[in-house]
């Protein structure tokens, strides 16, 4: 992949002395969905956090469309086209649906496009449109996930980092979210880096897959090959 | 009955000021889980600034603007230069540092201005206007009401209608998530402190001239009353702070009107102990437990 | 030596006796004015030692110790007045009045402790701050009994005739307060090193864990407050003896803040630090005033610098301590002793304060950790710096 949107080289990161991630290499092509899978504690969430600068990296480099992201503060990642939907979704429960969405694009100069993007999100997620004035804590789990994804989308990101979107959701809702990601990729050329426990559904929509184990990349190839590799599944994914 | 009416109106006028000051405490508490114990001293400093500017320019209004602007700057400096570096793992640390700041400010004010009470002017008459044979409000009371109301409405609009207000609330509620959404949380904290200190400065400018006169310790009682107001309302709630301020104002007015002026401070202590022991989350809190 | 290492009570007794002898000698060497200052420091030690136990060990922040001292002082004045009317004189007058001061303050401390047991940091701080601020209002409200702004005067009998007619009154005052201070620190040191102290630390570090391990959190917190109030009341009573008067002006907000700042600067949770702090409250204003006098400024400015300069210096020091040396003076001394002995802090084993210990601003907060047993200053009586038994290092296991 010569023209990767996101390219990670030798990334080592973690909390305190012991690194959780060790020399991770990763490339995500523009307009593709990459799934990062692995057992609990493999470092999947830490990878996303390190990409956003929430967790400090001790070595390696991260490039977004050729731009070195070292030294870029977390709060500026969104200005480089990276939107992060964290584990547990990060909906600010004290704010309303509308306010959460407004916050998603409040950093942008183009207010008109921010409003347009918000309208698009309401079209995409009709339940949200009905609950614009509701506070975050009044939403169901599925609605919160929609809000979290919608809030990321109003920033018009080039790269969407999604951490465990299926967590705590009914299978039907998970399927809807996955289908939506595929549609966004096809319709808008959105690039997605998806971290999932739910390996089956993640690999089913992804173009490429990366298997993390104990902080290292043990396999990286196209998603279909990964899904078909029984050895790999048994060893690292446990099914 | 006339007396009751008079005391009620008088209490609400005084309470409005404590409400504003309590609101400033709540602003910082919500964002940082810090009760700014230095807010009284900071307001004393800005009051002196207002006093000096008024004395030099002979304009009350210039002094008022200078005090409020001084509050903005002082609040930002205190956050940027001091509170940001406090280890917040223990909630005591911020309180202790704020108290150290209180001593420093009192010391500087004492050295610059001495400990003489300085009379300050007010822009309107304090003679009550008679309405239907009852002396009720003075023009100055109306000015206080109007100013506080303006501040409250202004703050409410800023926080609910503007992007910067939204970002400030988000930074207070969920700093980590806000950063991921492009919010400069550090700047929002500085802004919250600046805004809170400006509101505190304004409140002090409204109450110090009529009740105390400029003095390094003139805002000690204001802080205590406002703290009580904020606790009565539940420290997390801006609306609660306003109601709490009015309650404190009424208690002060009734006690000093029907009993003895010296008793009013004691009454506030009783109110504070009562609320803390019976309803520690404030009189208007929902059932959620406080996480401190 | 090994015996003293493992047996706290005899060790504390020995230290108390040594301190008493040293201070006795000192009172004969110092001129009257310095003896008076020494006496004042002794009274402050009672209050700061109790305060540092409360704040440093249980994590309850009291800004109201000035008000508690005022309670003790007024109780002393009222009771001694009645006793004098009844014909009591000399040592009995002194002791009974001081006991009354302690008991009265314990009652107030009990009420505050009840509130404190339910409240967290800033709430308790705000409540106790309010208490301090309303002290003048209370004295005015009950002006008939408490004398309003003027306060009350206190009769203090001259030294016992057995000491000789020429015995300086200031030395006698120093004897009174230093005896009280040594007793206070002795009692507190034993509390701190015993089971109550371990329980207090356990609560400070993790209230839930402490409760789960069978500690009665509310009772321990209230107990700590009552204990701390008792020593503050004693300190207040002693101040009444020293100044022979009681007035609200002596127990201002600034004074209360001084007490808290003193224990922070000395080293929160450390009894030795409380002694350093008490000395600082006496010495610092003196130094600042001398400095102000030496400065070539107008008499007008010099007048305003008087007192105010010390307040500012106190504030600056406490801010500096909080940001840079959370262990305070005692923490610095302990580190210095370690360095002189060529040992690294790591050699002292795991610190008993977790990284997020609620009331512990940092390492070196407790003076009573291993390796701190060396001579740490001229006040051995107040130095609880002795190795603890290993079992006490882990507060959450205190289940007995």
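Order as written gives the chain letters A, B and C; numbering starts at 1 within each chain.
Assume a residue touches a chain if its C-beta (ideal position, glycine included) is under 8 Å from a C-beta of that chain, and two chains touch if they have at least 3 such contacts.
Keep in mind that this is a model prediction, so the values were computed, not measured.
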Most centrally placed chain - per-chain CA mean versus overall CA mean: B
Relative to chain C, chain with the most remote C-alpha centre: A
Whole-Å gap between the CA centroids of chain A and chain C: 56
Chain centre separation (chain A, chain B; CA means) in Å: 43
Averaged-CA centre spacing for the pair chain C and chain B, given as whole angstrom: 33
Overlap residues in chain C, where contacts from two or more other chains coincide: none
Of all residues in chain C, those that touch chain B in their complex: 55, 59, 61, 63, 111, 114-115, 118-123, 125-127, 129-131, 133-134, 137-138, 140-141, 253-254, 257, 260-261, 264, 301, 303-305, 307-319, 322-323, 326, 355-362
For the chain B and chain A complex, residues of the former touching the latter: 163, 166-167, 169-170, 173-174, 176-185
Parts of chain A lying in touch with chain B, wherever the complex brings them together: 52, 54, 73-79, 83-84, 86, 90, 92-95, 99, 102-104, 106-107, 151, 155
Residues of chain B defined as touching chain C within the complex: 29, 34-35, 37, 82, 85-87, 89-93, 95-97, 99-108, 110-115, 217, 220-221, 223-224, 227-228, 231, 235, 260, 262-266, 268-269, 272-273, 276-277, 280, 290, 292
